[in-house]
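I've put the structures underneath this note.
Heads up, the next two complexes both have subunit A, just with different partners, subunit B and then subunit C.
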Partner chain A sequence: MSSRRPPRGEYIETDTGNKVARKATLVGTQNIMLGGKTVIQPDAIIRGDLVRTIHPSSQSGGNAAPQNNTAISIGRYCFLSRNCCLRPPGRLYKGAFTYMPLRMGDHVFIGAGSVVQAASIGSHVHIGAGSVIGEFAIIKDYVRILDGTVVPPNMVIPSFSIVAGQPARVIGEVPEGGHEAFELRDLYKTVGNNPQPAPH
Partner chain B sequence: MAPSAQSGPKPPVHFSSSLTIAELAVLTGAHHISIHSESVIHPRARLDSLAGRVTIGRRCVVHERAMIGGSASSGLTSARSSVASPGVLSPTAAVAGSGGEASQSATPQSVTLGDYVTVEVGATIEAGGTAVGDGTVVGVGARVGAGAVVGKHCTLTPQSVVSPGEVVPDFTVVLANGMRRTDRRGMTELKNKGLARQIEVLRRLISSKPAKFA
Partner chain C sequence: MATAFTPYSYIQCPCSDITLTDRRSGGSPTTSEPDGDDHAFDPRAPRSSFSLYPLEYLMYCEDCHQIRCPRCVAEEIVTYYCPNCLFEVPSSNLKSEGNRCNRSCFQCPVCIGPLAITSVETKPDPNLLAAPDNSATPLAGPYALTCSYCLWTSTEVGIQFDKHNGIHAQLAKLRNGGTTRLTAKERKERRKDPSYKGQPPPTDSQDLDHEAQFANLKAFYQGQLADPNAADAGLALLGDLGFSSPTSLSRIMSIYTGGGLLHDKKAKARLGAMREALDPDEGLLVASLDESAAIAKLRSEGLDGTASAAQRLGQAPNLVEPPLHGRERFLDSLRPVPHLLRTKRSKRCPVCRHIISKPESKVQTTRFRIRLVAGSYIPSISVRQLALSGGTGTGTSASGAAVPGAPLEPLKPAYFLLTFKNPIFETIKVTLGAPVTTPGRFASRVTVICPEFEVDANTDVWDEALKDNAERDREQRRRRGESISAGGGGINSANQLEVGKIWERGRNWVSIVVEVVPASLALAPGDPPLREDEDVLEIPMSVRVEWEAEMAGDEVGAAPSRSNSEAREKRELAYWCVLGLGRIRQR
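What follows is the complex of A and B.
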């Protein structure tokens, strides 16, 4: 209690407010973009080393701009729970295999033990625990995916859907006024090296 | 970087020179782990040869947190409990003991993967004479029970379960709700080619550290 700053907390807190657990596995960190205020809990895996190996511009000269090698970009106020796994999706493109970037918007919650290989996830998305998001799935804004859902590869989930099942189906719609439930600002404050109690 | 997850004894390994194994992969156990040419082991994949041999064929891909081997009771806790069990307290004793035990227990408690097998994120393949045939894909979070024999070119969809001792015929698609059907698309050649391309790319992207496990 006496020292203002404990020498080793469970999390590394960056200047932009990201809270990354020391026990999280981040591979290829130079290719992972965190938007700020993002929480990465212990034992989460993020595969930044699986970068895109074929660039659409590379055929026409390709020396115009430095190539953007971001494998995974994550927006603000995202929350990656324990044991989740984020990896870029991969496929055959013009006869050669390549990984494609995985993009996530703001306020995305990923539940414990979920495996995400989507192409893009919009903002204000809640993915329940134990879910599997197949390769190249596209999830739009304000989507709630219930626990244990298996989203098949290439599925496109429209905005304001509630999705569940194996394989995933749209089972309902986010009700009017149910949008505040997606806000993760309060959740962000409850974790870290000096967590605050959740407000009521 | 996360602390080393190495727990328990270091197993004797037999690696092909063209294999790609990430530094963060976890290999434990007392029996032989052999991995054949051009296979890829992703970080945090777990190979446990405590119960018996682990053999991985050519051009296999083992993804993150996949668990191959380990006792039938529970995948993730087995490695921890094994450390506490008597007889394998020190790595040297375990390796010395394995020489005598191997002749009886290696075959019935082994895990064998054929060629072109993909084991996806978080899948579990239990030890106990378990075999997975060529070209089979074990989906995300799927579970293959002890002693199960999965045929060639099967697809285990995400979170599906093959119960212990079960025999799954070739070309079966196992669905998570327990239903089965047969894959008649005849895509095996194409799938193998795609996997070979994927391995080519992975070999460039993943820095291989086989020396760490030798």
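What follows is the complex of A and C.
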């Protein structure tokens, strides 16, 4: 309050409220879309350089291609813990290898050391520490993935699932009263250059 | 030793509490705490583990004003859907097609990973100049199902598909090894078809699978029932009374349908017993008890070639393979497992039948039309260990107590901060009661420093945004921090831990302190050893919440006991909860 904020904090805070650690590794930043209020902790890796090379609607006009160059889009209030890695999935498409975009909704928590190569992750998703999300996995809303889970490629996880194991299997359902636990607004406030204590 | 322990609070659903239901029906609710310690809830009782739930799992019935748990609510299925393709399955399909997805959603029979449809033929390397331009033909058959986790493919069991869609229908016609089979429909058509009349039907019983056998049996018995000349003269007298005779069935039917029994000449003529199936065409299946082939295979392939119990249990009911012996014992007899359907369910209160949870019926939406969760009606309790030294040492005890999840020292007082957060828009009065000593073999002493307090209402979110209260809270907290640090090494806990004083208060929450003296886990010689989790210090606590609620118009009819004419109504809710505080260190 009284003293000025130190000129160089651990995080870069953007106008839209993103808090990006200086020690995070963001490759191909022009292909990474952050929705705002997203926290990226130190040593997280986001591979925005793995951009799609073949566009499905190339015959409809090449002018649409530059806008569609997003490799990773992240919604609001996402939290990328330390050492996690976001990597767009890639596969053969019409005979040539190409990457596909990775889309994440709002309030997505990615635990420390997890590797995510999903095609899409819905909103209100909790991915525990040390888990691996295989290529082209689709994770719907309100999903909790416990620590150390290995989600196989192409797996679809429906909403309100609790998932664990290697390979992942649905082990339970998120109860009705557990929806609020996915909110990451409070967690967002606890990190940054002037973190606030967690509320009770 | 063990992994770090996170404190928890579980709440008991009243559905399992017999004493409570008795009391509620008998006396008035105002005379509470009558029985004292007699009815103190024992969290270690074998029944207790079935009635304790975290707050998130509990529902709340607004009409009964009572907590409802997953065990006591009545569930109704709203929608069936496939968890893989997320398509809704109408319930009429469910009866005819079964409870599995009949699109192309399959699980690996070995590792349960999802199976992808891939082309069997490896494509030429696109980098080779000689390779044709294959961008126009993306995938060419034949196709197989491949697991991308364990690399199992359906070609291992000899199954390939001609088309890349409708896999479920194609799989139903294929046996392991690639031989085709007739579906029931085709068999029926073939029976009618005159061109197949001349050929004898397959007589080898090994060719009969479940579906075919059942179809044959059904056709056989239906033919017997319809045929009036099936009378077996030798058994006429007995058959008249026999259980298996068609006449006894028709006699019973005629009694109950009111037809004249005496005048039924036709029934008299139809004396005769039903005979049983005699050959495979009639559905007879001789059990093949010769297992030498399986033994020989086990010898050659070893244990690695056999399927585990989990893999065999995961298999869908297999209508295709020959039944009984030798089924799915080896890995090469496993088949791709179609995904089991999942449901969306609504929940009803078991007492008043009101709906307390109802999801939207569409598969892709996650909204709920009705969602009465206990978390928005009863205060949440969070437990945190307080880094208060017992007043003796300065450095050692503070470091020992401050580590969260560390084992508790026996016979040394430990302090826990319970934070009650009020979710409702009225001020609530909370009364706590805990037995002096915890039940069980190792009785720890429990003292609730402040058993009665009020928690302010959960005011409008705008107040929070305006930061008036929040600012004050922070200041309060800071002041407290200063006072703690000003106390120096030995924390002057005397004025902090005053009996009857709350520890800290916020906008809609109050923190109180509980002092526990963990029991020593020393076992006398001859005592049975520690059971699993017997070292966890769990304290039962009865919570009574009182508040004044506005009389809602729609609740007047269902008003529980006292319906005053005033606009405000006094409400109360009492329940037991269990606080798991930590593990006691073992010597």
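Criterion: the second predicted complex is superposed on the first by the 189 of 200 C-alpha atoms of A that agree within 3 Å, B and C clash if a C-alpha of one lies under 4 Å from a C-alpha of the other, contacts with A are read in each partner's own complex, and residues count from 1 in each chain.
As a convention for this text, contacts are C-beta pairs under 8 Å (C-beta built on N, C-alpha and C of every residue); 3 or more make two chains touch, one makes a residue touch a chain.
What you see is a predicted model, and the numbers here were worked out from it, not measured in a lab.
A.B. asks: Following superposition onto subunit A, is the placement of subunit B relative to subunit C best described as a clash or a fit?
C.D. replies: Pair status: fit.
A.B. asks: With the two complexes superposed on chain A, say which partner A:V132 touches: subunit B (first), subunit C (second), both, or neither.
C.D. replies: After superposing on A, A:V132 lies in contact with subunit B but is clear of subunit C.
A.B. asks: Which partner chains sit in contact with A:I45 here, subunit B, subunit C, both or neither? Use first/second/both/neither.
C.D. replies: first
A.B. asks: Answer with first, second, both or neither: which of subunit B and subunit C does A:D106 touch in the superposed model?
C.D. replies: Touch partners of A:D106: none, neither subunit B nor subunit C.
A.B. asks: State whether A:A96 touches subunit B only (first), subunit C only (second), both chains, or neither.
C.D. replies: both
A.B. asks: Considering only the touch criterion stated at the top, classify A:E180 as touching first (subunit B), second (subunit C), both, or neither.
C.D. replies: second
A.B. asks: Give one of first, second, both or neither to describe whether A:K23 is in contact with subunit B, with subunit C, with both, or with none.
C.D. replies: first
A.B. asks: Check the superposed model and tell me the shortest C-alpha distance between subunit B and subunit C, rounded to whole Å.
C.D. replies: In the combined three-chain model, subunit B comes within 5 Å of subunit C at the C-alpha level.
A.B. asks: List the residues of subunit A that touch subunit B in one complex and subunit C in the other.
C.D. replies: Shared contact residues on subunit A: 96, 134, 150.
A.B. asks: So in the complex, which bits of subunit B are touching subunit A?
C.D. replies: Going by the criterion above, the answer is residues 2-3, 22, 24, 43-44, 64-65, 121-122, 140-141, 157-159, 176-177, 194, 197-198, 200-202, 204-206.
A.B. asks: What does subunit A use to touch subunit B in their complex?
C.D. replies: Listed in rising order, the residues are 22-25, 27, 45, 47, 49-51, 53, 83, 85, 87, 90, 92, 96-99, 113, 115, 130, 132, 134, 148, 150, 166.
A.B. asks: In their complex, what parts of subunit A are in touch with subunit C?
C.D. replies: 94-96, 134, 140-142, 150, 152-161, 167, 169-170, 175-178, 180-181, 197, 200
A.B. asks: Touching subunit A in the complex: which residues of subunit C?
C.D. replies: Going through subunit C, the ones touching subunit A are 55-59, 70, 81, 83-86, 111-114, 116, 123, 126, 134-135, 138, 147-150, 342, 347, 357, 363-364, 366, 368, 371, 373-375, 382, 419, 421, 477, 506, 509, 511.
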